[in-house]
Structures are given as C-alpha cells and as structure tokens.
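First chain A sits with chain B, and in the next complex the same chain sits with chain C.
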Partner chain A sequence: MDIFLLEAVVNGILLGGVLALLALGLNLIFGVIDVVWIAYAELVMCGMYAIYWLYAVHGVPLFLAAPMAIVFVAILGMLVHKLIISPILGSAPINQLLATGGLLFFLQSFATLLFGADFRNIGLRLPIIEIGDLFISFARLMAFSVALLGMVVLWLFLKRTYVGTAIRAIAQDREIMVLMGVDPKRVYLITSALGGGLAGLASALLVLQYDVHPFIGLSFGPITFMICVLGGLGSMIGGFVAAFIMSQIISVGGFYTSIELSYVLAFLLFIVMIFVRPQGLFGVKS
Partner chain B sequence: MLEVSGLEAGYGSFRALHDVSLTVAAGEAVAVVGPNGAGKTTLMRTVSGLLGRRAGRIVFEGTDLATVPPHRIVELGIAHVPENRRLFPRLTVEENLKMGAFSPAARPHFAERLEWVYSLFPRMRERRAQVAGTMSGGEQQMCAIGRALMSKPKLLLMDEPSAGLAPVIVDQVFDLVRRIRQEGFTVLIVEQNVRQVLELVDRAYVLEVGTIGKSGTAAELKSDPAIREAYLGI
Partner chain C sequence: MKIAWTLLGAALLLPPFLPISEYTLHILILVLLWAFVYTAWTIMGRFGLVSLGHGAFLGLGTYATALLWNHWGLTPWLGLPLGIATAVLVALVIGYPCSRFKVVGHYFALVTLALTEVVRLSIVAWRDVTGGSLGMTPDLVPANSLMALQFTRITWYWVALGVWAVGLVIWHRVDRSMTRSAMDAISDDETAAAAVGIDVTRQKLTVTIISAALTALGGGLIGQYQMYLNPETMAGVGVSLQIVFAAISGGMYVILGPTVGAVLTIVLQEFLRVLFGTHFIGAAPTIYGIMLILFIIFMPTGICGVVAERMRRKRA
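Right, the complex of A and B next:
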C-alpha cells in the first residue's frame, strides 16, 4: 500500500477518536434530555480559549489548565441547561433549536469581544513520531488515546453506577423514573455537566492541534451533528461507528481529492443516508 | 397505613376521580375493582405521585403526601408496579432491579435484596443478564414486581399484574401475589380478574366511573348479587 495512503488512513482513525468523543457528548444530551445542543462545538471553543488563556497568557501548566478547562466547560454545560434548556423543555423542538442556535451566535460574538478574531495558538510544539516510513503527529496520537480513554471511563460510569444506569434508563421511560425515586431534573443537570465535560476534554485535545478563533466551532459542529444523525440520533454506539466512517471519508477522501472536497463527500454521504435510512445506522425507527 | 380522603384527580379539563376515599391498614390486602376507564389506574398513579391531586388528601403513615416531592414517595415505603409493567426494555433484568434500589436508603441493601428477589423468583436469576424487553410477558411481570420489591416497600401498589397474560401465567402471577402477602407486605391491588383477586384479598372497593361505589370484605362482595352479576358472571 502507498505509504501516504496509509498515513491518511491512520490520520483518519486518529481524527475519528476526537469526533467520536464529540458525537458521544451530543448523543448523550439528546438521548437523555431530547434536545439538540446546536452550540455544542462552541462550548469546545470556550474550552480552547480557557486553556489558551490559562496556559499561554497566565503560564498555568497544561496538566492543570486542561482539567480546569474541563470543569469550566462542565459548569458551562450546566448553565446552558439551567438558563436555556430547562425553561423551554416542554416547548416545540423548533424553539429549542432557535434557543441553542442563538447561544451559538452569542458565544461566537462574546469570544470575538474578549479575544478578537485573531487565530491564537498555545505555542506548544509537539514532536512527530516516525514509525518506519510513517510520520504520525504525537498530538493526534495523544488526542486519540485520551479520547478513547475518556469514552471508556464514561461507559464504565454509565454501566456501573446508579446515576449512570438512571441516565440510560431515563431515555427508555421518562415518566416512570419518579417511581424509582429518581428526580429527573437532577439527572438532566448531571447529564448536561457530563456533556459539557466531554466538550471540555475535546477542547483540551484539539487545542494541541489547532489554532483557536471565535469560529473554530464551525469546523467541528456541523460534522459532529452529521455523525450523530448518520449513527442514529441518541445512539452512542451509532455515533462511535459513524465518527470513524466520516473521519475516513475526510482523511482518505482528502488524500485523493482535496480537504475541501472531502467535506463535500462527507456531506453527500450524509444527504444520501438521510433518504436511504433516515433513522441512522443504529437508530430505532420512531 | 394509607388513608385517602375526598380525592379528586384528572387530566386537563377531564375529571377522572372525584371524592374517592379509601383506607388500607397495615398487613391488609385490599383490591380495587371496576370497569374499564373507571379510574383505577388514575387512583394508583395519584397515590404514588405520578399524577398530581386536585383536591383531597393522601396520608401515608401520618405523612401527608402533598408535602413530599413525587420522587421521595418511594423512600417513605410505597412502591408501585405500574400498569403494563413499564420495565426499561433495553436494560438487563439486573439493571432493572438496580433501578428499583435507586433511592439512597435502598442502595446499601442492594446485594442482599437482590439475593432475596432472586430467591423469590429463581427465573429472574437465570435471566439476570437478559435484556428485559425480550422476555415473555409473565417474566416481565415478575421483573416488574421484583423491581418494586427492591425498595423493600411497606405498601405495594399493583396495577393489573395479570393483564395481557395467558391463563396459566395468570394463575402463577396470583400465586406470586399470594406469596408476597405471606411475606408480610401490605398490598393494594387493581384487577380485572375479580373472581381470582377476591380469593386473595381481605377487602375490596368497587370503583365506578370516578368514584367509589360498593366496598366491603371479600366475602361480602363475593355474595353480593349485583357484584356477582356484573363481575363474576354468575
């Protein structure tokens, strides 16, 4: 096999890890609260700025700045739920889309106000690893590994703990949760914190590879959303599989054509899938 | 133990229950019977907090349930086996049982109660890792009862546990309910199967379109000519 093609495949897998993390966060929120956070990738942007601000501006070491950013975005997630979602929970889906869509513009403008529209880099150069003829970016490899680790930890949490089991149960029968002694409001808030935390983790991994600017969310938001729909909205396994399909299309497609065209290809697949299998790969027909 | 007085409840502008009063004493088994749409399920849902009351009082062991948030009612000792079982279909049997022990008071006793539920329903032990939605109706009913028992309730509400099951399985379910009685639980049960349920309860109330009609001991109702004609087909 062509070494460059191999490199594209490997990079596709590595990219898939972070995309899967983002898709998992969005799916978790959708599955439990039945709301799509349109501004999800903008939370990632907030986390990236937080790390930039802590590390590049104030010299906080990365190993401290990253957890702080995760907590920060988790709190943002809870605020999004408390201030925006919770008051309109019972209203029409279109209102919820408009509200979180409004948040997207708000966060973009707010970031521009604070940091300007410049591209900011934390200025950390990580090595390139050579395996035979293959060149792999250490930042990407680390992002992939940590993303996988994060997903395993989340999976254990959902599988082992009472609250985790309640999070999986609530999507299956919302009403009956009260009989189990579960306060749904509390589960929603915890889920929002988890969703925010996942965005925070993603931000720590992405800031090592990309410059941060107020519109960075647009590079990840639409593709994350397409992944979730492709996998079946609310299906965590579906999102995981779809993330790796999409990342291969982007990476290998980009290798054969251009990176712009590869996004067009990904979008085409998305459109075709919507017609062929609207419930997504792993979705249940409603 | 449970005192319901002057209860009114409904959906939107529709009044499903009005002026319903009943009592259940500790150790008793009491049935609520009545035609379809009489409001039996509504009554159970109002007691367990799934539905708000419009008027009247529900007092459980001296606590007015109006003062307790719905998700705290199970901690007081009321567990509800809902109509149509309502298991979490994609969770395993054991995870469903775990949800029954969610409340902080129940969690430390999870392992011992799980053992106890498995000894009551050995079939559930065999099926512990099976996804609940793929089990037979009778097995699902056992799981739903087991889930309610995981909170070790003082009062067990059961809404038509025999509904939708084959006749042989119906007999098994009634045997289960009998065993639960023998374990010392206080039971308030709704049933369409009037003949069988009157064999196993101490007293019964007849709910007719939103309000209590007749009530009495099981023996009295079994010999009541109107009841015999309407519900026992004699």
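Right, the complex of A and C next:
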C-alpha cells in the first residue's frame, strides 16, 4: 500500500475519534431532549478560546486549563438549555433549532469582538511519532485516545449509574418516565451539562491540532450533525461507526481529490443515506 | 388597506427623484433585492418546510449567471434562466425524495443544510473556474447595458423595485390559492391531509419549486448588482441562516414580513457599521444574534405577525 495513502487512513481514524466524541455529545442532546443545537460546534469554539486565553495569554498550565475549559463549556451548555431551550420546549421543534442558530451568530460575532478574526495558536509544539516510514502527529494520537477514553467513561456513566439510567429512559419514553418519578427538567439540565462537557473535552483535544478562529465551528459543525443522524438517534455505537466512515471519506477522499470535494462526497452520502435509511445505520425503525 | 398599499407604492417610486446620496440608494436596492429573496423563502418556510438550503439556490443562480457570462459570453438573459432551471432541478432532486420518504422537521433542515454545503464546497473546489474562496467578478461592460444586465444605480433601483413587487404578487397569489389551503392542512397533519385526497408530494413540490426559482433569480440579480460573488456570502450555511432569520424576524406569515426583516437586518447592520466603524467588527451580528433568540422565544410570528394580530384584535 502507498505510504501516503496509509497515512491518510491513519489520520482518518485519528480524526474519527474526535468526531465520534462530538457526535456523541450532540446525539445525547438530540436523543434525550429532542432538540438540535445548531450552535454545538460553536460551543467547542468557546472552549478552544477559553484554553487559548488561559494557557497562551495568562500562562495557566495546560493540565489545569483543559479541565477549566471543560467545566466552562458544561456551564455554557446548561445556560443554553436554561435560557434558550427550556422557554420554548413546548413550541415547534424547528423553533428550537433556529433559536440555537441565533446563538451561533451570537457566539461567532462575540468571539470576533473579543479576539478579532485572526487565527490564534496556543503555540505548543508536540512531537511527531515515526513508525517505519509513517509519520503520526502525537497531538492527534492523544486526541484519539482521550476521545475513546471519554466515550468509555460516558458509556459507563449511562449504563451503571442511576442518573445515567434515567437519562436513557427519558430518551426512550418521555411521558412514562414522569410517572416513574423521574424529573425531566433535572435530567434535561444534566444532559445539557454533559453535552457541553463533551464539547469542552473536544475543544481541549482540537486546540492542540488546529488554530482557533471565530468561524472554526462552521468547518466541523455540519459534519457532526450528519454523523449524528447517520449513526441513528440514540445509538451510541451507530454514531461511533458513522464517525469513522465519515472521517475516512474525508481523509482518503481528500487524499485522492481535494479536501472540499471529500466533504462534498460526505454530505452527498448523508443525503442519500437519509432517504435510504432514515433511521440511521444502527437505529431502530420507529 | 388599499390606501396604505397605494401610499407605499407611491413612496417607493420617489427615491430616484429625491436628492439622496448614492449610498442611501445603494441600501434601498440591497433591501429590495434581499427582501425578494426572503419573500421567496417564506413561500415554503411558512408551511413548516424550514429549508436551510436556500444558500444553494442562491449560489446556483448567481454563479451560473456570472460563469456563463465570463467564460462563454452568454448574456444573463439566458444565464439567469439557466441558473433558475438548475436550482429548480436540484430542488426537485432533493424535494421529491424528501416528500416521498417523509423527511420533515429536523431531518429536512439537516438535509437542506447538507445541500447548501455541497454547493458552497463545490464552488470552492472548482476554483480554476469559479475563483474559489477569493470570489469572482463578472466581466465589466459600460453601464446600462441591457444585454449584459449591468446598469447604473438608478436603473438598478427600478429593476430591484420591479422584481420585489413581482415577488409580492407571487406571494399573494400563492396565499390565495388552493395550494395554500392544502399546504396548511399538510403542515398540520400530513397523514390526515393525504387521507382527504391531497396530493402531498405535488403540493410540497409546487411551493418548493416556486421558492427555489425565485431565490435563484434573486441570487443572480444580487450578483449582477454587486458585481462580486463569494461562496461564503452567496452560498453555504451562513447565508442560508441569514435568509431564515430575516424572514422570521420580519414575520413569515404576512406579505410584508420578509421585507420588514430585510429593512431591519440591513439597516441595523449598516447603522452599526457606520456607528462603530472598524473598531468593533462583530458588534452588529452580536446584537443581531441576541435579537434572533429573543424573537424566536417571545415573538415567533415576527414583527409583522404581532402587528397584524394587534390590528385584527382592534377590529374585532
């Protein structure tokens, strides 16, 4: 196999880890609260700026800055739910999507106001690992491993704890769970914080690889939605598999054509898939 | 009501004769052209077909017109219809399966979102021809050339005004048609509508095609007026959301709603730009974003919707 192609495949797998993490957070919110946070990737952008601000501007060590950013974005997630989603939870679902679209504009331009439109880098040089002729960026490898770890922890939380069980139950049946003594408001708030926390974790992993700028959300926001739907709502495994399919299309497709065309391919696949299999790869037909 | 319309019409005939600056006239033209696009969006948006894909139709209309002109010297009089035809074709290819497989709500929004990104990324990827992210400029000819569809500002005002008025007439015709009743029934309950004999797919495609065609026309004209095309501002998620938001904040259930949305967003943007200059880049969209959230929470029918409701109550 061509060494460059192999590198594209490996990079695709590594990218898939972070995309899976993002899709998981979105899937959680989509599945449990039944809203689409169009501004989800912008929350990641907020986390990246938080780390940039803490680490590069104020010299807070990275191992402290990263958890702080995660908590910060988790709180943002709760605020999004409290201030924007919960007042219109009863209205048409599309209104909630559009309200978070307003948030998208707000966060983008607020970031521009605070930091300007420049590309910012935290200025950390991480080593490149050499395996044979293969060059792998350490930042990507770490992002992949931490993303996997984060997903396992979340999976254990959802499966093994009482709150986790309540969250899964709400996702399955909204009406009955209220009768079983689960407070949906509390579950929604916890889910939003979890979703935000996952975005925060993703931001900590992405800031090591990419420059942060106000519009970075647009470069991986749409693909995250596609992965989330492609995997099937509420199906964590489906989202996981879909993330790796999409990341391979982007990475290997980008190797053969151009990065834009590989995204075009990924989006076209999504459109076709939603017609052929609207419940997603691993979703159950309702 | 008739008097109000006559007064509005008369007032809109005045600007070219008034001693107003080129800049003011420019803003008026932009408002009219974008109002036309926003109006086109509401023709399907008001029936719950919330499309985030209108950036695609806008992009196809603009780029088809400009590319055919620059590369083959084809007059926009043929380029525009070709752009519109392409947009309609794409709308059919996406709209037909969406209707057949009952892709609605969130899923419809996401499919159309993917569509708009496909168009934007294709324009960027085809950079040898389209100029990619740097954008492109239609080849210039001396102004007021009917053949090249390049006019002086005053002529553009008349063109914009005429197109905008046609947009309103079409909106009104749809509003009074059987399609409107059928679409209202479909957006309430699709299965029930089908059960009483409404051809759901046909009705949905009708409004989709009208909306896509008008949007492509509006896009083509905006490109011709600005004489600069950019994939970020004429295709993609950004402009799609801009269309949706302006239409919603103005009010998508009232004929003048999208126009009010256009006035509001463009004037606010220009006002803040003049006020802050280049000091606070991003101030305008920040305020804009907050406004949108508040609108959707407290005023989902938009400004015109609230005003119309008040007037109805007063009369009753």
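Observations, loosely collected:
Please note the rule applied: the second predicted complex is superposed on the first by the 284 of 286 C-alpha atoms of A that agree within 3 Å, B and C clash if a C-alpha of one lies under 4 Å from a C-alpha of the other, contacts with A are read in each partner's own complex, and residues count from 1 in each chain.
The rule is simple: a contact is a pair of C-beta atoms (placed from the backbone, for glycine too) under 8 Å apart; a residue touches a chain by one contact, two chains touch by 3 or more.
Predicted, not measured: the structure shown is a model, and the values here were computed from it.
Of the two partner chains placed by the overlay, only chain B lies in contact with A:E175; chain C stays clear of it. Residue contacts after overlaying the shared chain place A:I84 against chain C, while chain B stays out of touching range. Contact with chain B, but none with chain C, is seen for A:A166 once the two complexes are overlaid on the shared chain. When both complexes are overlaid on chain A, the residue A:G101 reaches chain C alone and has no touch with chain B. In the superposition on chain A, A:F275 makes contact with chain C only, while chain B stays out of contact range. In the superposed model, A:D183 lies in contact with chain B only, and not with chain C. Touched residues of chain A were counted for both chain B and chain C, and C has more of them.
For chain C in complex with chain A, the touching residues are 48, 50, 94, 97-98, 101, 103, 105-107, 109-111, 113-115, 117-118, 121-122, 124-125, 237-238, 241, 244-245, 248, 280-286, 288-293, 295-297, 300. Contact residues of chain A toward chain B in the complex are 162, 165-166, 168-169, 172-173, 175-184.
Of all the residues in chain B, the ones that touch chain A in their complex are 48-50, 69-72, 74-75, 79-80, 82, 86, 88-91, 95, 98-100, 102-103, 106-107, 147, 151.
Interface residues of chain A, counted against chain C in their complex, comprise 30, 36, 84, 87-88, 91-95, 97-99, 101-113, 116-117, 214, 218, 221-222, 225-226, 229, 257-258, 260-261, 263-264, 267-268, 270-271, 274-275, 278.
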